[in-house]
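You will see two complexes here that share chain A, one where it goes with chain B and one where it goes with chain C.
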Partner chain A sequence: MTPLDPTPRRGDAGDGLGARLPRIDGRAKVRGAASYALDHPVEGVAHAVIVQSTIPAGRVRTIDTRAASAAPGVLLVLTPDSTPPLRAASTWTGEAPTQPEYRPLEHTIRYTGQQIAAVVAETLEQATEAAALLRVAYDREPAVAGMDDPAAGEGNPLPPLAIERGDAALAFAGAPVRLTAEYRTPREYQMPIEPHGLIARWEGDALTIWEHSQWLDGMARTYAEWFGIPFEKVRLISPYIGGGFGSKALALAHGALAALAARQLGRPVKLALTRPQTFTAFGGRAATRQVLELGATAEGRLLAIRQRGCNETSVDGVWIEPLSSVTALMYDLPNFSSQQHLVPVNTVLPFAKRAPGENPSAFGLECAMDELAYAVGVDPLALRLRNHAERDPQSGKPWSTRRLREAFAAGAEAFGWARRRMAPGSLREGRLLIGWGMAAGTYPVRRSPGEAMVRVLADGTVEVASSTSDMGTGAYTILAQTAAAVFSVPLAQVRVRLGDSSLPRAPVTGGSQMAGLMTGAVDKAARAAREELIGLALTDPRSPLRGVANTLAVEHGHLVPPRGEAPPLPIGALLTALGRDRIEALRDTLSENGLTPEDRYRAFTTVSSMRPPTDGDYSMHSWCAHFVEVAVDEALRSIRLRRIVTAFDAGRLYNPKLAESQIKGGIIMGIGQALLEGGMIDPRQARVLNNNLADYLLPTNADVPSIEVISVGEPDPHASALGGKGVGELGIVGVAPAIANAVFHATGKRVRELPITMADLV
Partner chain B sequence: MPSVTTLLTLSINGQDHVFEAEGRTTLLDALREQLHLTGTKKGCDQGQCGACTVHLDGERVLSCLTLACQAEGRAVTTIEGLAGPDGALHAVQTAFLEEDAFQCGFCTPGQIMSAVACIREGHAGSEAEIREYMAGNLCRCGAYPHIVAAVRRAAEGLA
Partner chain C sequence: MKAFSYHRASGLEAARQQAATTDAAILAGGTTLLDLAKCEVARPEQVIDITRLPGLDEITVDAQGLRLGALARMARVAEDAAVRTAFPAVAQALSLSASAQIRNMATIGGNLLQRTRCAYFRDPASFPACNRRTPGSGCAALDGITTNHALLGTSEACIATYPGDLAVALVALDAIIHLGERQVAATDFFLLPGTTPEREFALAPGEIITAVTLPASRAARRSTYLKLRDRASYEFATVSVAAGLELDAECRVATLRVALGGVATIPWRARAVEAALTGREPTPEAVREACLLAMQGATPRPDNRHKLELAPRLVARAIETLLWEERA
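== the complex of A and B ==
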């Protein structure tokens, strides 16, 4: 269940943080032995299938369930009429519910693909067949298909997001060089390869849920509130997650339904969304639109940026995709004005996808900087250096660390950028038009408290436990490395348990904060356990080392008197002498984050105590620079990537091998965003037309060129206890504009709407 | 219409399994739901992602597009059957570990089954060829460059 069988290795101090070690959960994964949510064998499980609305707005008038109920194996049919309400849960941001009840099935329809019914049967095949037998009658109302629907209007202003710095209108009006352009990004979907699903089982009033989770404690809280049971009565189990990218942080409506069905039937229920259902059962990235006006000197020094943007949200609620997040701080910019509207449409409420905000923000800004480079005739990299911000222009605070210049230099050197000729179309190989483009990216350092238990056993094994999760980030491995470093033991001697809400608390694995905060919590707990061991060794009457020395070191799993007063004593031998089977320490980092023990529950089950990057004396961010080469076929207009070099500053890397993998993964998702991905919305039914993996295109192996990543970071003592900054989201930020800029360099054609396809180049 | 089940005998990883299944049951659902061989993953159930790749008589197939009854009389190999009886990993599994050819690991059983077949088919001659012949297996974590490296390494080791 958890990786108790790490690859045996010869260990030494080289197993600590910073080592390029393979994943300790890797062996289970390559053997097919890692159990994901729906892999858990649960006795007597029934299968649920959900049914989604086929109209975008209106009401479910009736659902005729007769044929479905009579179908073989059917145990239960849930419809808005037959489904009792649950209690409303507070939000993930920690706000109390506005209504007393929550209905996972409603008569009111707000978007196509909203869940309206479920069928539970003995087998998956029977449930699927019966679900198709439901006859739904609707009363249809007019809908707004998307933000370009004329009925959508301008949307609602969002005053808290507005920024006025200096006088952007005046500075723009007087600028020698001015350019205005509109940039657009479509709906994009997270599409982890593991589709969403869960198994729910009740035993009395205790609920066990096997469900992929980026946030065990937050999701367990939601289930507890829905069903009116104490938090401790919910156990969420998620040792492995088949990718999340933001989509697996919340308990969702189908989860409520599975748990409800299980309670009603008195037996466990497994519910798996189909791949098409994953396009509307939860939100992807909101579509965005922004107009940027850049004013600059003739040399390309920025004088002003005015930004007017909007993002889609649902008629169902508010989702903000902050378009100014990179624009406000990337460059030395004296005058900045930004306003953003939210446009409610009939869609599922959008949610977080890798780098929400930073991603579309950087697409606009970094394309516009390329346009400015051409407007003033300055190399795009030189233009960025010319506008380098020495401190955060928005908060006025100094950067904690910002090795962006170093990233530019290292990336440009590895790529050979100096050989680039400015003119579009100046590079050619036969019928291929070659283009070189670059762009920068950034992602903030977010901080929340963490909690971990570290235990030393008599056989010398070190155990680490926390409810945080590893969705491919490498959490198992880096947390093992953290503990291995404190006790100076080989990695094979460390066991890590994660992904279980009954373990010590952890906040959301999102916002690229997990590695920084959890290595801090594990380090603290491990040091506490080590201190206790040393204390016992020095003072306990049964200790062979009592009275031998007045301090001890811990090296290679031994307690070592500093001047060789006695031979090193294995930790396990000390425990045996003490008659104990373990020493353990549970520690949290609440106080380091300005919180008290009373804040504990709220801090781990909501995001209300997550600290922004400028909380404190510094402005803290990760940085990156992407350099890409594309080849556009002159006749076919097909676009192929040929190589990518990315240099990045994410502070100290706890395991460079795994961090580099994650950066590459972000880059590859950025390739999809640039060239392949976009929800196609049917304007009549407000429906996602391409709701499957053959029509909503993800990058395949054949789409991805060689990618070189270079870390230029150094430890950032302000960002986290052990010096790392965020990695997970950084890699995607700036990829799409770098590719768009390369396409311009190849073809002379400026495409400002994603994804860029052949059709844009004809 | 009552569901009609028949008794099927499937040879999986060298072992015979006898179980009741409906004619419409896919090989993927039979493996996962009835035989509890959950190493094979369902990523789409539509033949679009490759997560469910297994071998039938040594050739790669998508088990979500194969009916369980179609596999009767043929040798089914899944990720669970790849390592040796002593637990020793297959060369491709080892190469995936060493090259960090996965992150979340969900696509990995399918990638590995495809990779074994890709090498056996003689389609691992160059990086470009590997990319093309591994393109049916999606990886949303974006482990592709490392998958290519792992397939190369394993192909060289097996040559």
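== the complex of A and C ==
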């Protein structure tokens, strides 16, 4: 229809949404040109180092700072005695503080590795050495090292998490097939490769912070409240993040200390945690334990599940790792009872690590389903299909979309599951015992409002801006694709700015909600800008297209009269004719989420606006099925993965290449969880012994087999504006049980505690 | 990190004199030194850089054997074709060590002197008790988590595992450690902790490893290094085995060399296994029986009992591998 040369295309969907495109930030990252928070050059910066407690409980009696203060280059020593309190900030869930003050350094010690002092010096080396010169005297008190410590007890019940559906006790008692097993997961740590840290600089009462952030607005709010300055006076800058996995969503004590030191010294302060410090400076995944009782018919139809679980929390805080989140909804289950306790121990308050709740929940359930499959002699995949839930058994609502059956079918087909023989130890290659295992996973669709600015410039460039962040997942790329689709321009013509709290608002990049909410916000803003362009083109006296038609199409960056009434006009040419340098539209999706503009600050700076998956008429979730092959050396018991096939339904994929990459990343993290990772806690000092990346084992490339990822999703109109469901956290859910089930199939040995190591199989 | 003075050694003799002072550390590859300085275990006053000293990084293989200059990088030795042919256990031990990045920096001499990975040794602030670090202070590991601690060669004073791979191959293949003029057998170079765990190596103050030599032999040519671990790469050994084998004309075992890593306070020569098979026909039963002697005298701890099972099996796997190669 247009006389234009077709724009060069890659993939089969142009440069718009759905195109399989590489990350637009990829080249800058691999060439070292992308500037991360701690890379930012700031003139006159001083260096801060934090000091952590070496006892698990008690009090700091004194800190002798004389030698440290006298050490070369030292500018400031902060201790509980010398550090002024800040104002308490409201919580990330939006609750007001319970106390007026916040002290980032306290005398009271609640866990080993709690920050107790900070030293600021001219150089990092000077600060590090001076920190080692502090002499700390403690009054030690008894501690609880972990939930297996006899002193830990049973913990505290958590009534709001309790679920009673039907009569699980009765149904279990009467079930023809019953099995009971306990499943355990250790403390696991996020360990992004970019270390935690920040640079803080004050100019008058304005605070600029360069800090990696999964939540610019939330963290800026916390800093503003701590220092009693308006939100607008804090500028947080985080263009790139070297991985977060839940650990970079909140402002933390070391951030408060750096900002405080910068204010006290009147110069910028840079603080980077060491790798060992990152094991206790913020929370990782809580250790969990759950007993599952499954009652079923002889054919393997579930009659009842009783779940009794607990997770570790800190002695002064509440972290819930909801163990029923998958158990409650994965299968058609008439009778379900779940109770969970929280066990306070002397640890930093645990926090979110990829798929908090769903991950350990699925480990228990999906291992137990495999055990049930063997108890009744039914193929594990057939057993799952036999218990398929046609609607959400917990909420009673229909699924928005649930292509789990399709995922099972596609994964099984690609893997060759039909050739599997049931008996453990039935597959071998020489000295290797081969095991095939499978498991399902799910993650809920969470929805929050977002805001974006879209701007069209006179040279035809389209700009997109929002304070949302790209953790390395591809936000820059899919938001560019969103705008490219609306204006029908190539990706190279779109510029995206993210990760700056001075830009339009965005909620937390967590809960796998970012892609869905931000494509919606950018699409809305872009359409508004496009409408304004078309309106001006048709009505402005200076427009060459004035009055030529009732409407105009936008194709390949041109305004196109529908029946060729006039030649297509480049967008840039229209702006030039109008004497404008830009058209811009700022739009939010508050109203779609039932929120008014008055809710705005709260909506973006707390998670109180996040809608749960069953808010509305449907129950909305992403789904996946993992099929894995392991090889276990018959004599040496070493476990190696040989291949993994994962099929998943995350609705529409905005960029399949990047979505698949995220699923693969989740799977790799799941490999670590299954076979390698776990905090080793010394029972006497409640200290993480393996607090470095040589001893806390993450998968290396040699541990990662061929991974095939298959999308079976279709657009879900209820889940998000453009049809996608959550991707980021889905991939890890179900990986560990699939591997555990494969190890059982290889060896006949059922290991119910992660990680599964050689020592477990000897 | 404590400030130190840096000296670039002008020659070996000058380096020896500088290194003879207390609180001096030799900088060769720096990979262990930096690591230990970061965790406050190494706090040298003087750092003596020997990396520029000429003539210490050569790799020579001839009819007599192998000579590795102390400053030869691990990666270079691992990739050396002659080493791989004549001393496969050495090349394999090096390629299975550490990470590619570390192997590119670390040197042969420095690698032999790496310190234990005992978590209690590496954390002075939290665990002041460590006889290896501070003589007489006690041992925090004895009542701690001991998954990675030693079963062989332990004492009441110390149960820390020697972490390296190369040294296991050297001890198996009767290497000589050259300290300038003085020479020490590899089997004598690593010291049992006994009551003096702070003395880890047979090194006098100021002595510097200059080279390692290994005699050529058929057992060295027919040798292998196996490393068992949960992670496929970049992990210290759960158990490792260096083995060399020579069969006589009647296909009996003429020479067998076996050493173990990951299970002992020093690279552990398993002489009982060697003796049990030497002169015998290596039938599967004979091999299995002999390998059961590998952990003779072991003192397991609650967290490392699995090594009692795994070590003999890995020794058997190594011998089977060599027999299979020999017969192929």
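Here, the second predicted complex is superposed on the first by the 749 of 762 C-alpha atoms of A that agree within 3 Å, B and C clash if a C-alpha of one lies under 4 Å from a C-alpha of the other, contacts with A are read in each partner's own complex, and residues count from 1 in each chain.
The working rule: a contact is a pair of C-beta atoms (placed from the backbone, for glycine too) under 8 Å apart; a residue touches a chain by one contact, two chains touch by 3 or more.
This is a predicted model, so every value here is computed, not measured.
J.: On the A-aligned overlay, A:Thr757 touches which partner chain: chain B = first, chain C = second, or both, or neither?
T.: Second partner only, chain C.
J.: Check whether A:Thr700 is in contact with chain B, with chain C, with both or with neither, and answer first, second, both or neither.
T.: It touches chain B and chain C both.
J.: When the two structures are overlaid on chain A, which partner does A:Arg684 contact: first (chain B), second (chain C), both, or neither?
T.: So A:Arg684 only meets chain C here.
J.: Is A:Thr274 touching anything from chain B or chain C once the two structures are fitted on A? First, second, both or neither.
T.: both
J.: Which partner does A:Gly724 contact after superposing on A: first (chain B), second (chain C), both, neither?
T.: In the superposition, A:Gly724 contacts neither chain B nor chain C.
J.: Examine A:Pro72 and indicate which partner it touches, taking first as chain B and second as chain C; both and neither are also allowed.
T.: both
J.: Mind working out whether A:Gly300 is in touch with chain B, chain C, both or neither, as first, second, both or neither?
T.: Neither partner.
J.: Of the two partner chains, chain B (first) and chain C (second), which one does A:Met471 touch, if any: first, second, both, or neither?
T.: After superposition on chain A, A:Met471 lies in contact with chain B alone.
J.: Per the overlay, which chain contacts more chain A residues, chain B or chain C?
T.: Touching more residues of chain A than the other partner does is B.
J.: Report for A:Glu125: first if it touches chain B alone, second if chain C alone, otherwise both or neither.
T.: Both partners, chain B and chain C.
J.: Do any residues of chain A touch both chain B and chain C, and if so, which are they?
T.: Comparing the two interfaces on chain A, one with chain B and one with chain C, the shared residues are 72, 125, 274, 694, 699-703.
J.: Flag every residue of chain C that touches chain A in the complex, lowest number first.
T.: Touching chain A: residues 1-3, 38-40, 117, 119-120, 123, 125-127, 143-145, 147, 228-236, 238, 306, 309-310, 313-314, 316-317 of chain C.
J.: Quick one: in the complex, what on chain A touches chain C?
T.: So the residues of chain A in touch with chain C come to 54, 72, 112, 125, 128-129, 132, 274, 276, 635-640, 675-676, 680-685, 687, 689-690, 694-695, 697, 699-703, 755, 757-759, 762.
J.: For the complex, which residues does chain B have touching chain A?
T.: 1-3, 22, 24-25, 29, 32-33, 36, 38-46, 48-49, 51, 78-80, 82-83, 89, 93-94, 96-98, 100, 102-109, 112, 127, 130-132, 134-148
J.: In their complex, what parts of chain A are in touch with chain B?
T.: Its residues touching chain B are 7, 22-23, 25-36, 38-39, 41, 47, 72-73, 123-126, 190-195, 240-243, 245, 272, 274-275, 471-474, 657-658, 661-662, 664-669, 692-694, 698-704, 706-707.
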